[in-house]
Amino acid sequence: MRIGFIGLGSMGKGMAANLLKAGHQVLVWNRSQGAVETLVKQGAVALKHPGEAFDAEVVISMLADDAVTRSILIDSGALASSKPGLIHLSMATLSVAFIREMVEAHASAGVQLIAAPVFGRNDLAESGMLNIAVAGPQAAIAKVQPLLDVLGQKTWPMGEDPLNAGILKIATNMMLISAIEATGEAMALTQSYGVANTDFVDFITSTLFAAPAYKVYGPKIARRETEGAGFTLRLGLKDVGLALKAGEPNHVPLPFASVLRDNLLDAVALGEGESDLAALGVRAIKRSGQG
Amino acid sequence: MRIGFIGLGSMGKGMAANLLKAGHQVLVWNRSQGAVETLVKQGAVALKHPGEAFDAEVVISMLADDAVTRSILIDSGALASSKPGLIHLSMATLSVAFIREMVEAHASAGVQLIAAPVFGRNDLAESGMLNIAVAGPQAAIAKVQPLLDVLGQKTWPMGEDPLNAGILKIATNMMLISAIEATGEAMALTQSYGVANTDFVDFITSTLFAAPAYKVYGPKIARRETEGAGFTLRLGLKDVGLALKAGEPNHVPLPFASVLRDNLLDAVALGEGESDLAALGVRAIKRSGQG
Amino acid sequence: MRIGFIGLGSMGKGMAANLLKAGHQVLVWNRSQGAVETLVKQGAVALKHPGEAFDAEVVISMLADDAVTRSILIDSGALASSKPGLIHLSMATLSVAFIREMVEAHASAGVQLIAAPVFGRNDLAESGMLNIAVAGPQAAIAKVQPLLDVLGQKTWPMGEDPLNAGILKIATNMMLISAIEATGEAMALTQSYGVANTDFVDFITSTLFAAPAYKVYGPKIARRETEGAGFTLRLGLKDVGLALKAGEPNHVPLPFASVLRDNLLDAVALGEGESDLAALGVRAIKRSGQG
Amino acid sequence: MRIGFIGLGSMGKGMAANLLKAGHQVLVWNRSQGAVETLVKQGAVALKHPGEAFDAEVVISMLADDAVTRSILIDSGALASSKPGLIHLSMATLSVAFIREMVEAHASAGVQLIAAPVFGRNDLAESGMLNIAVAGPQAAIAKVQPLLDVLGQKTWPMGEDPLNAGILKIATNMMLISAIEATGEAMALTQSYGVANTDFVDFITSTLFAAPAYKVYGPKIARRETEGAGFTLRLGLKDVGLALKAGEPNHVPLPFASVLRDNLLDAVALGEGESDLAALGVRAIKRSGQG
């Protein structure tokens, strides 16, 4: 398939590479050129303007946030100039307000919008083992399913409304960050009675909490590994903000997310914005006066 | 081994039965007689007074809380009258303040105290598949290890100080209740955008949160299954209180536990004290005005 | 002075009337015509388009929120068409982000912007007894001081930057809503031990909390007076949102405001959006299962 | 009147001195002797044992907390040995659980218990300008009213049940500490936009919050005056604990008090336990990374 791919960040470059390996024609665009050159060596075609990607059969976008996505896809005129019937597979984490805005803009442009946010960090993007939630027109989804199968280990259908996939991503990230806070608080408590953090993590991740969320972040908190962030604290703050904002129009109180917001703001104020999200758990320990 | 077993509640009766099946001599005491009779039919010897249990080689206690344990083991004179060298295996969930009190009382009575709180609900107690954290004198632990192997699938050593096993239990329960609140909030959010609760639970328990804590409670919240409580909301409130109280002398802020406390109090005030702990998650959904 | 007055809501109409009484020429515009007619009877001149107000010496705006203010003052072209040197006295409660936007737009249009948010409800607007915080170019403030003296009992200078007056308003409203929550929680607690709510309010408002914030809202909570809202719960939620949003770019954690947000969302979800803000305090009592 | 006075701490010594000045016979007991000697010079009689105070017509106790009061009044045998018909005026801040315990112990001893907690710091104790809430047997209150008139500017009758006066004190302190947190958060927010803390405090304490709670603590927070504590942060933590504990059996959620508890624990963990309670507000500012 002829695919336009916009956004070759830490996730996007691995995903685009997998599409190339699977034999697809991939036209890439990225703001900075380093990642573009790497992919060209692997067989991709470099585009000069993001609008050229909308000349393919499918456009995949994997940009940082609402603002960047709006600027590059909509304000640039790229979407408006796309050929009718094109499918746009939006795979980034976006706000529900912006997804609504996208739904309207795509309807105007005659482009089919599929929201397909991904779950997993860089390593899973590279190995094609992401989980992918997907929502949009069913026929369009059927058409891109082979691409989703290349990118992920499993696709999770969430219906026709792109918002449904979008909110699933937001809610899951909120749960992930909650798990980090809960683990940090539990470690602050057990450490204060002399239990080694690593013993605690071994125990919980072997029993009630034997799941990736805890297995990835528990040991990082225990070992104070907050450098070399895969998922920065600042990004976590952004994601908690997406949850709070999504809840507002629907009047959904989110007391845990509120605690997360305040604790993340505190951590950012203290200079930890670029640390790994595990720093949120470490801060729960520090807040108790423990090292 | 000759074992005194005190407390045949929903957990204790399954545990005592397993010790009998394994060929041990089990002397049982319980406040109400129904469970005693059931176990006598399985080969147990009924005791008239809890103090008689302290004439065995090992006493196992599995009572409801601090107050009941203090009343039956200490205030009754049972502990004081025990023969020197006896091992007491305390398997209930108790406060750190009371474990400290027990440590002193056992030292005075010349009894070896092992804290060995268990993880798992009734079904795991019956099948001998509990997880057991254990802390106390190492020689005593070595002696009771065969019993722990009968009762649980795995023993998790936490050192010499009974407090270490006690705080592990308290912190893990706090994490479990946090997981229920987080799941409820996430469902309130996704439901408000039209995602089916069961779809959401399927997704999270197959991916980032593929762990017992979420697999047990997620579907209960999604299906509003809050009757027939294995773990009541009132008991959850007690356990969150144990965490908050344990944190106080050590100056450990626990903002998630504070939210849990308030939300559990609200639920109890609204008449849900005897509901399953899953009702905490359901309440997160109701708080947003959704059914 | 020749004054354009835009926004004759519950606050604006009393303020405009006072300017007329003080002998000023007042040109009024309002979306709905009822209030316009009332003021015309008192000597005001009715305008057909808000842009005509910008032909006066001073324009006062007192509109509902950011969106309405942007739509009527900026998007309509009114500001852009104003005569150079005009002073705009912005007296509504607006977000810091929008005040920043206004500062830029006014600079482009050559209009002097003064932020002068007011403190007090309708009755104080009518009696000219408002408190007014003011920030902007000092010469412009000096020129409008006679108007501020008509509208308020006292003006509180906050420097040159309109943001300073804006954030003062936002922070004070956050404190007011915090006072309502704190009073509600305290009443829930004392009522549960048999103290009459009115006795409690009499006591606190005669001693430590003998201040308008508590004297206005305390008795309302005690008597469950939540109809006939001067300040609706929905508006309170908006104002707490302004505080949270203002804190975000500066990394200011606001844990009390977060609690307020969740409790207000809950109240709105339960249908109390149009109740008086006192309903927040009443809900604190209801959350404890008390009537 | 012949009065036994137990507890000559920072509040008690001023109160006892006022009773002496008013012409009463005051028999004093205190753990440390410095304050006793000062009062003896003013005409008091020193007692060797607290039990001797119970030989007077009225005993006033003003001790630090539950534990000290229990130890000195009950466990020492003092109360049990008192002469029948004695009135005990308990003026300290105590838990509701302990007040209940006192009610029973006094009934057994035939002593009439009046709870009369005081509001105000040392200076008001010295000048006899305290506010006093009072609850107990009405005839007994009538008899001690002249003493209350010496000690305070006003007495606030709260009925027959000592718990009512006790919970009033607890709830009011919770509100006071909430006011400090709210002020600190508001200052963190306004300071982050460049408003001087002193300008902010001047404004709020002249308008909506023109009340002692804010006038005492607002300027202290603004000027970072946290030394020379009249009311320490550690004592504030104890008082918030009294509110949370009082709410528990009655199922009263207290989300603001929960936030206070966590923030106070954090401050104590960071070494501010002996600072003035104003340090709670200062910490709200520090949490945002501001000095």
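Letters A, B, C and D mark the chains as written, and numbering starts fresh at 1 in each.
Here is the rule we use: contacts are C-beta pairs under 8 Å (C-beta built on N, C-alpha and C of every residue); 3 or more make two chains touch, one makes a residue touch a chain.
If you're wondering where the values come from, they're calculated on a predicted model, not measured in any experiment.
Trainee: Return the chains shared as contacts by subunit C and subunit D, ordered by label.
Mentor: For subunit C paired with subunit D, the chains in contact with each are A, B, in label order.
Trainee: Taking each chain's centre as the mean of its C-alpha atoms, give the chain farthest from subunit D.
Mentor: It is A whose centre lies farthest from that of subunit D.
Trainee: Please work out which of A-B and A-C is bridged by more C-beta pairs in contact, and write that pair.
Mentor: Answer to which pair has more contacts is A-B.
Trainee: Between subunit A and subunit C, what distance separates the C-alpha centroids? Give it in angstrom.
Mentor: The separation of the two C-alpha centroids amounts to 39 Å.
Trainee: Return the distance between the CA-based centres of subunit A and subunit D, expressed in whole Å.
Mentor: Chain centres of subunit A and subunit D, defined by C-alpha means, are spaced 53 Å apart.
Trainee: Taking the mean of the C-alpha atoms as each chain's centre, how many Å separate subunit A from subunit B?
Mentor: Taking the average C-alpha coordinate of subunit A and of subunit B, the gap between them is 37 Å.
Trainee: When you check subunit C against every other chain, which residues touch at least two of them?
Mentor: Residues 247, 251-255, 259, 263, 265-266, 269, 287-289 of subunit C touch two or more partner chains.
Trainee: Which stretch or stretches of subunit C touch subunit D in the complex?
Mentor: 96, 119, 131, 133, 154, 156, 158-159, 161, 163-164, 167-168, 170-172, 174-176, 178-179, 181-183, 185-190, 192-195, 199-200, 203-204, 206-214, 243, 246-247, 250-257, 259, 263, 284, 287-289
Trainee: Considering only the defined contacts, which subunit A positions touch subunit C in the complex?
Mentor: For subunit A paired with subunit C, touching residues are 241, 244, 247-248, 251-255, 258-259, 261-263, 265-266, 268-269.
Trainee: Spell out the residues on subunit D that touch subunit A in their complex, using ranges where they run on.
Mentor: Result: residues 255, 265-266, 269-271, 287-290 of subunit D touch subunit A.
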